[in-house]
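Take a look at the structures listed below.
In the two assemblies presented below, subunit A is common to both, partnered first by subunit B and then by subunit C.
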Partner chain A sequence: MNGAPRWTAVALRLRPPPVAIAILFAALAGGALVLVSGQDPLQAYAEIVKGSLSRDSLPDTLNWATPLVGMTLAAALPLRGGMVNLGGDGQLVIGGLIGALLPLVLPGPGALVSIVALGAAALGAGLYAMLAAWGETRHGIPMLISSLLLSYPAVGVTSYLARFPFRDVATGLPQTPMIPEAARLYTLSGPLNAGSLLIVAIAAAAIFVDRRTVVGYELRMRGKNLRFAGYGGVRLDRQAMRTMFASGAIAGLVGAIVVLGSQFRFIDDALLSPSYTWSGLMAALLVGGEPAGAILSALFFSALQTGGFAMQRETSVPRVLTLVLQAIVILFLAMRQGVGRRAS
Partner chain B sequence: MSGIFTPFLFQSAVQAISPILLASLAGVLCGRVGVFNLALEGQMLVGAFAAIVGGYFSHSALGGVAAAMAGAVAFSLVLAYGATVFRGDPVVIGIGMNLLASGLTAYLLRVIFGVSGTFSDPGIVGLGRIAIPPLIGVPILGWAFGRQSVLTWAAFALTAVVSVVLFKTPLGLRLRGVGEQADAAETLGIDVARYRVGTVLVAGALTGLAGGQLALGAVSVFAEDMSAGRGWIAVVAVMLGRNNPLYAAAACVLFGFADALSINLQSEGLPNQLTDISPYVATLAALVITHRRRTRVLLPPAEVAAATPGETATTQRAVH
Partner chain C sequence: MLEIEAVGIVKRYGGLVANDGVDLSVDRGEIHGVMGENGAGKTTLMSILFGLQTPDAGEIRVHGAAVRFRSPIDAMAAGMGMVHQSFKLFGSLDVWENIVYGAEPRRGPFIDRRAARAQVAELAGRHRLAVDPDATVGELSVGERQRVEILKALYRDARVLILDEPTAVLTPPERDALFGVLRRLAAEGRTVLLVTHKLHEAAAITDRVTVLRDGRTVAVLRTAETSARDIIRAMTGRNVNLIVEKGPAQAGASNLTAVDLTVAGAAAKPVVDRVSLTVRAGEIVGIAGVAGNGQSELVEALVGLRPPDGGRVEICGVDVTAADVETHRAAGLAYVPEDRAAVGSALTASAADNLAMGFQRAAPLARGGLINPGAIAERAQALIRRYAIRISNERVAVGKLSGGNLQKIVVARELSHDAPVLIAEQPTRGLDIGATETIHARLVAERNNGRAVLLVSAELTEILALSDRVLVMFEGRILADLAQAEADEESVGLLMAGRTREAA
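Moving on to the complex of A and B:
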């Protein structure tokens, strides 16, 4: 009895990080779900680990991580300033379509064409994302909802363009013609290409801007206290526009990287079906938009999802289980952080 | 023009309105007690899946609807406790719940029925449309309500019920008090947390009905992510209606007609990729139009002042 208070003190000092508890909780809850459906959870988890981190599967995980880390950064940037960009899907397909169409019409050396295509994709998607910020600062339309609503027309129109005016009639599938080989992104090894390096560079830039520049400081200040940032002289409306432009530009770049680096054409729905946008948003929410943490959680989610394919192959557990696990981690953290907030 | 405004348009519009209307009533209730509900999309999806499971095993539409409500209420516990007792951020919880619903229903679809994508079975009894013969001949009203499912009528009836309860009863006064001035309500002896949890769960039952209408209304089928943005449109309807059930219903009518019109345009030969976006475009247009005149109604005044430094600058200039 006497030792009880001391033990609580020790337990408090040794308190494990909340993310670890959340992952453990999700693993237990997901395991229960697998158990109820008549499968062996330990075997399922073992297959996830083997299928994502073994020597053979690591390149696949990194390849999956390229767009996911990109979309995570696209989501993390606005989150850092207390804004939410739910329109990643629309920005992704706009970038993808621009990246797929420009190389078909642009003359000149391939490397230059791919750089122009990447730049145009980032510009187009960035401007589209900025529309949502403009709606909020000019007309008071909440960005949370307008960014998402803008996504549906973008997805519909790009899908139409890929299916009708720009369809590759030779294949009969809903996709645009192949991009000339010269304009494709340089292959590093296996499935990895120059696009992965570009994402690494953007990730490094995001961390640098967040930690070492005035822009990053002002954005963090906005996230902590909007009114204080405004009082401190931050031009909030311009900041919102700029942040959303950057967020959309990264999303558009991711679309163009996938198109120019691995699919070599815009295939309808191919950019959306892996749901990079939502996984990226979850990875960013996990750490409140802090870039370094967001990148780590994106890598974790990439491993989880790549391992999910192996799990589905080897056992009969469906790989959507990994989406359930991610959602449980987010919900657990959202509530647990709330508990801490009340206590303080 | 006469080719567009056919009885079929009214019937399909009302059919499109009902799930969105039920979900937006749920959003209105949550908003009134101060819980921002972004999870409508996921709640509806869980409701739709539970409706199919219930309908499959009970071989009755009633069993399906009961299961839809039970499933959605159980799922709503996450929001009910997460956003109140645990004080989580409702935006994060909403997004998390929508993804959980998407993953969980897809997982259970594979585990329970062994299929992916869509599932339908002749054993599932749908709600079916019930005809009211004397009403059918009446223009507009009869076209709209003459042949509909029970849940469609229920959606419109519940709009009236929610309005009356919110604005004409002591219970409604307490609910609104909890949302507007929680501290004041607390001093009057109202258990704020209990009212919030209870309201979110009742709202969950409404989203269950919305899911039931979606899965068992026109055709008895479940498809992955079949709520397809309707929950988000309901969220917008709640915003446009400023938490008033009648205004929210008006917004839902607009979306329903846009949706029905898109089906018409499709039969005129337009590709469905373009017509499918019409409800979202209508929603955006409605947001722009309503905010052009009454700018910034959605943010509390203090936040508006902070979010628009230009205006503060003008005020300062006026002072000098």
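Moving on to the complex of A and C:
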């Protein structure tokens, strides 16, 4: 554009990392909000940083990051291929419920039981996610819709199961009985458990698959140009089914990790109220599904959200500020990408 | 009396010059044809006349006075009306609603439905454009929808009616009815601009024809004094006749065979109508035809991108009729698609990634499911050197390349498959002479190496220069199978226009 002001041209030539600019703008806008409400923005930000990155609070941040990074990867995988999985919630609770129920009935050594439970959770949720891909490839139901709609019955049915047939009658709450201690995930330190290591392994695997495998290459090409991938001989239907299975399996695994590692039972709504699915989807969208970037943005969101709790405790600024910051960061990044795309 | 003029119109899209000083002058009450090959700049010129695009240079004059159309609203106010190739109608609304949309008769703040319906019925009756004002547009036939489009323009009292390839979607009786309507409109003093590349249509209905080539006006012909041959000559241009050195064909086994291949279309008539063809090793078979006569659909069915509705396809003896692209490629197919940007490449991906497609599963690029980035880069560098692709390195995204270099990426990749069958669709569209020559030489080299080459092109000169045999496709059917010696511009040109009797 000829009419664009000079400073934008200069800024474009310098190419500062877009993420840094977005965070800066978000901090300024958020700071203005805090100022208007009569608080000290610097103090609020200091509390966020202290509450998320100090030695005492870092384990909490990482514990919060475990499911968030997991759900980010679950969203990033299909996004990399230009598909969207909006059914993370459903896949999460299916995995969580399987993880909570199997240890109650399976005999055998605890470690083995927890591994079987994790595997079954991944398998169940993966197959459920694949249903959405099947609906698209076979019956032309857009996956964007089917994955979201399939989420509601999953959430409803698991909720019913936890409230009625499998309810822990000893408590008055809608939750399943506690799983035996032997079957719980190994505790590393404080709130951190073996589940976090599992997510680290999955994250590493996702980056490796994306960069160094045929599957990753074909998925990237699909994301860049669906028709090119099809013309080049990639079997698009199978690829969609496989990708959605992997995505759902990760989501199911996250559900089971939270149940087996932190909550030790399936508590109705406990997996959904932190809205990992949606934070994860946003983190993945920010970077177009590129796994390493998605993981970084998920870690950033975890720090922001954990720091938000601390800020709310220490100052009178409500935690909702961190959600505002998160939203502004995303809007700024989306705007830059959108502008770039239209120019091409 | 002059109705509308375009003087020295220039329009560039990036590096591509779509219109390069086009002149057009149309009299009141005239039916004026605008003809030219694909990419000659017809559609761009019409978009400028209707205010969809603004020219970079040049001027539009209505009744001799210069005007500036910033949008179609300006153009409509100046009396222009356009019937697009793909109709712009609301399928779920009634005919009268579509016609009055944006110019509704009102009673206070409300639409005066009764007046609107009456006006539409009166207009349809007056112009003998039979259509029920209360029918839902989505349920109408293509011909009826076109009448709605014309009525929409007439409702706004368009004095100049632009029709972009209006007969492409019509059956012959519908086409004749349309021509009747256009003649009546011209008789009452309206002006018709008809964009077409069908010779017989231009001959049947126009008073004069303006021929565009490479974005320039090359001829303005009075139809009554012009032969089809003159128009062909103006459209293709003798001076671009490329000479390709090649010896006689040493045709071998039938590598690609299609029998009674049929692809159904949206209309009752199939888009590909029982096409049978054979391409043998060591020969180039060219499919000539005006774009939109089923060539694209035929190729899609041959390569596995569109399952055929009837017939059979064999590649090197393997029946691949209903199989997917992967199976076709495994049987021995390489394919240079018509649209290098939308199908043949991923513009945001690197040259290395683009050149690897189709080779990603086998050694040396991959082993045991793991790709070898070193081998991918090396392969890309080798191909970039061999095809003299102008790119700084293989990590650059191919969207940054010129059309010719992007096409070289696609051709380099497909030829390196060493597949027995090569299908090349519009392989030199939009390329300059140098890039065209390179690609022509490669195609002939492939033929001499014993590959079966099927060349689909809307450029008659290209077909005639390269092909050992020429098939002419018209309205979904193969009208003729000519040996190179029998195929000349005149006979093939007439067949392309569907005029079998005169060509014989």
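Operating definition for what follows: the second predicted complex is superposed on the first by the 327 of 344 C-alpha atoms of A that agree within 3 Å, B and C clash if a C-alpha of one lies under 4 Å from a C-alpha of the other, contacts with A are read in each partner's own complex, and residues count from 1 in each chain.
Going forward, a contact is a pair of C-beta atoms (placed from the backbone, for glycine too) under 8 Å apart; a residue touches a chain by one contact, two chains touch by 3 or more.
In this text the structure is predicted, and so the values were computed from the model without any measurement.
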| item | value |
| --- | --- |
| Superposed partners subunit B and subunit C on subunit A - clash or fit | clash |
| Which of subunit B and subunit C A:135 touches, first, second, both or neither | first |
| Contacts of A:217 with subunit B and subunit C, given as first, second, both or neither | second |
| Subunit B versus subunit C as contact partner of A:232, first or second or both or neither | second |
| Touched partner set for A:324, first subunit B, second subunit C, both or neither | first |
| Dominant contact partner of subunit A by residue count, subunit C or subunit B | B |
| Subunit B versus subunit C as contact partner of A:292, first or second or both or neither | neither |
| Clash with subunit B, by subunit C stretch, listed 59-67, 77-85 or 95-103 | 95-103 |
| Shared contact residues on subunit A - subunit B and subunit C | 227, 230-231, 235 |
| Subunit A-touching residues of subunit B, taken from the complex the two chains share | 38, 78, 81-82, 86-89, 91-93, 95-97, 99-100, 102-104, 106-107, 110-111, 116, 229, 232, 235-236, 239, 271, 273-274, 276-277, 280-281, 283-284, 287-288, 291-292, 295-299, 302-304, 306-310, 312 |
| Footprint of subunit B on subunit A - complex, ascending | 33, 37, 84, 86, 135-137, 139-142, 144-146, 148-150, 152-153, 155-157, 159-160, 163-164, 226-227, 230-231, 235-237, 278, 281-282, 285, 318, 320-324, 326-328, 330-331, 334-339, 341-342 |
| Footprint of subunit C on subunit A - complex, ascending | 212-218, 220-221, 224-225, 227-235, 344 |
| Subunit A partner contacts - residues on subunit C that touch it in the complex | 303, 305, 324-326, 328-329, 335, 337, 342-349, 353, 356-358, 360-361, 366, 369-371, 373, 399 |
